[in-house]
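Same chain, two partners: chain A is paired with chain B first, then with chain C.
== the complex of A and B ==
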């Protein structure tokens, strides 16, 4: 599969603050790639750099082979990419119908049928001013304006924020259907349950650096929590072995998060005379929290 | 392009309509104002056309038009950053420069429309007062006011980019542009009236008065917008216009460079 998004050593500084620190990421065509991280981890800055809204301090990046830091190529990128921003703010002076007509004029591949379907499904009032829409309805409208563009790549920043559970399910189904038609999806979210539901690749960022880049299958198959009880107290330094991401030792009990090499780690724990060893699969949320704890 | 103009129109239409109302009120007020029968006759001015030019194009209409132009120019991507819509705008396949110039084109068209609306009020109002007015002169003065006034639009637009914020940036810009504009206009008009009075009554000028005021003439955008009373091809202040357009181009260049470098 070809890479749709690629960045090489991408950096962004806002004054003294390093928002993005040498990011190397790659998103494959046809994938649903989740972009996870804490608040302020650098997700939105990265997305804005990809779309030419923020200039990189150094490093390079490309979408569909077009350079992100070149204004002309950035225009070509935005013809092929539908972006739904985190805050979902739209022009208050327009009505729903007017902003649909406005957005449609920039995208020759606009899907009219899909637009009508989503207008009905999301129950959007065409004549109502955007100023009068609730947060949820504005989010639905912003998503419609992204989905109906007929673009090859969807970049969504917190797409379901402010939606009720029913609407979230609808949105996730729509994303899945778009992927089935060949669209690549790159989305950031704090809703890890949604990520587990639709993502096939996960990128995790912390303090501007990539801390996880793996297919979802690999994560669910390889990541394990190993809990062991020892006859005497143990220390974290006893567990410096390849594959261990996080160690939490409390007296005679130790809890390890392993990303790979699980068999060797278990063997190592046995050699330390552990009385009982439990190996359990991890949820993405646990992996996320483990990574964040390990780094802080 | 048309949809970008449409967006700019939707954003500025209330200000534009307010501008039309303001211009109508100011123009109508000046047309029927008794000044023509008192102050101007004291200065030996008996020509209604001269009064119209001085009272409107060299003073109040020009002032209200300049305020309208600066207020209409309020907006842009920096302002959208504050209101939160910039991510949507820059997510569209439209360059930053196209956003800027489409908005400025809309502002210019609206400013021209406001100027032409004033012409309509002058023609109708003068006819109602049984006064005759030269349509060609009024149109030429409107064209000069807009041609020189583009500088105000460009500087206002730059101010909005440099002072990001909501309506506070509008207030800063109006103060920053309005105070020197009004002060220079007042000083230069005083000087011209004083000179006219001295010429009529053969009195001397205090030393130093003209020398410092002479420097102000280089900054006298209001006078360039007003032009001389009888405007024709030969009396159009071409050099002033050339300087103003060059400065306008420079200001726009700075705005473009600043906009290109900005992070949203």
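== the complex of A and C ==
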């Protein structure tokens, strides 16, 4: 599979603040790639650089082979990529129907089927002025405009923020339909459950740096929490082996997060005369919290 | 027929879906020749990644549970196909062994048995040739 998005040592400084500190990303064609991180981790800055809205301080990047920091090539990128921004900014003076018709006129590959399906599913009021829409309805409209334009890559910044669970499921279902048609999806989100449901790859960043880059299945299959109780007190430095991401030792007990190598780690724990050893699967949420805690 | 997988269970979604399909076959909800939903249909119904459905169908095909007919879709394989070729040959070998033992008990020697087998195979070959 070819990479649709690729960045090499991408950096962005805002004055003294280093928002993005050397990102090397690779998003494969046809995949659904989730982009996770705390608020202010650098997600939106990265997305803005990819779309040519912000210039990188250093490093390079490309989408479909077009350079992101070259004005002419950035235009080609924008023809192939649909973007739904975090703030869901729309022309307030138009009605729902007007903005749909207006947007449609720019895109020859507009998907009328999706437009009708979403107008109905999202219960969008055609005559209503955008100014009068609730936050959730505005989000739905912004997603419709992104989904229906017929793109090769869809970049979504917090697509489901402010939506109710029913609308979230509708949005995910449309994403699934688009992926079935060959669209690549790159989305940032704080909704870990939706990431687990539809992503096939997870990228996690913290303070402008990549802290996790793995296929979703690998995360579910290999990440484990190992809890053990020992006859005497143990310390964190007793647990320095490959695969251990996070150690929390308290008196006679230890709780480890392992990203791989679980069998050897359990063996090591047994050698330390552990009385009981429990190995349990981890959710993406626990991995996320573990990563953030390890770095703070 | 299929339930939405639980993404936070610690079991990968593709494994959960594989188990659901196997279970449906074991309980008789699906039987040989039945068609599974298309990749897109299955992904949209369960709201899971289409790539996951592709992975499930591909792995079940390799395991002999499904048959992918190109352009038509995924079908539950017949029981015969569910068994591997090796297993079939092992069973056949056992039958031949028992049959040879029986013939020996009836007083035939190795040469006679071999000639009978060869003659039978030759006749069978001729018959199938004439049918064509």
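We take it that the second predicted complex is superposed on the first by the 296 of 296 C-alpha atoms of A that agree within 3 Å, B and C clash if a C-alpha of one lies under 4 Å from a C-alpha of the other, contacts with A are read in each partner's own complex, and residues count from 1 in each chain.
Quick note on the criterion: a residue touches a chain if its C-beta (ideal position, glycine included) is under 8 Å from a C-beta of that chain, and two chains touch if they have at least 3 such contacts.
Just so it is clear, the model here is predicted, and its values are computed rather than measured.
Model built by superposing both complexes on chain A: chain B and chain C fit together without a clash.
In the superposition on chain A, contact of A:83 is made with chain B only, not with chain C.
Of the two partner chains, neither chain B nor chain C is touched by A:137.
Shared-chain residue A:169: touches chain C; no touch with chain B.
Of the two partner chains placed by the overlay, only chain C lies in contact with A:177; chain B stays clear of it.
Once chain A of one complex is fitted onto chain A of the other, the partner contacts of A:48 are limited to chain B, with no touch recorded for chain C. Looking at the shared chain after the overlay, A:93 reaches chain B, while chain C stays out of its contact range.
By the document's definition of touching, of the two partners only chain B reaches A:103; chain C does not.
Put simply, more of the residues of chain A are touched by B, taking chain B and chain C as the two choices. In the overlay built on the shared chain, the residue A:199 is in contact with chain C alone; chain B does not reach it. In the superposed model, A:246 lies in contact with neither chain B nor chain C.
Between the C-alpha centres of chain B and chain C, as seen from that of chain A in the superposed arrangement, lies an angle of 140 degrees, given as a multiple of 10. Superposition on the common chain places the nearest Cα atoms of chain B and chain C 25 Å from each other. Residue ranges on chain C touching chain A, taken from their complex, read 7-14, 39-40, 43-44, 47-52.
Of all residues in chain B, only 2-3, 6-7, 10-11, 83-88, 90-96, 260-261, 263-264 touch chain A in the complex they form. In the complex of the two chains, the chain A residues touching chain B come out as 14, 48, 51-55, 71, 75-76, 78-79, 81-87, 89-94, 98, 101-103, 105-107, 142, 145.
The touching residues of chain A, when paired with chain C in their complex, are 30-32, 169, 172-173, 176-177, 179-180, 193, 196-200, 216-217, 220-221, 280-285.
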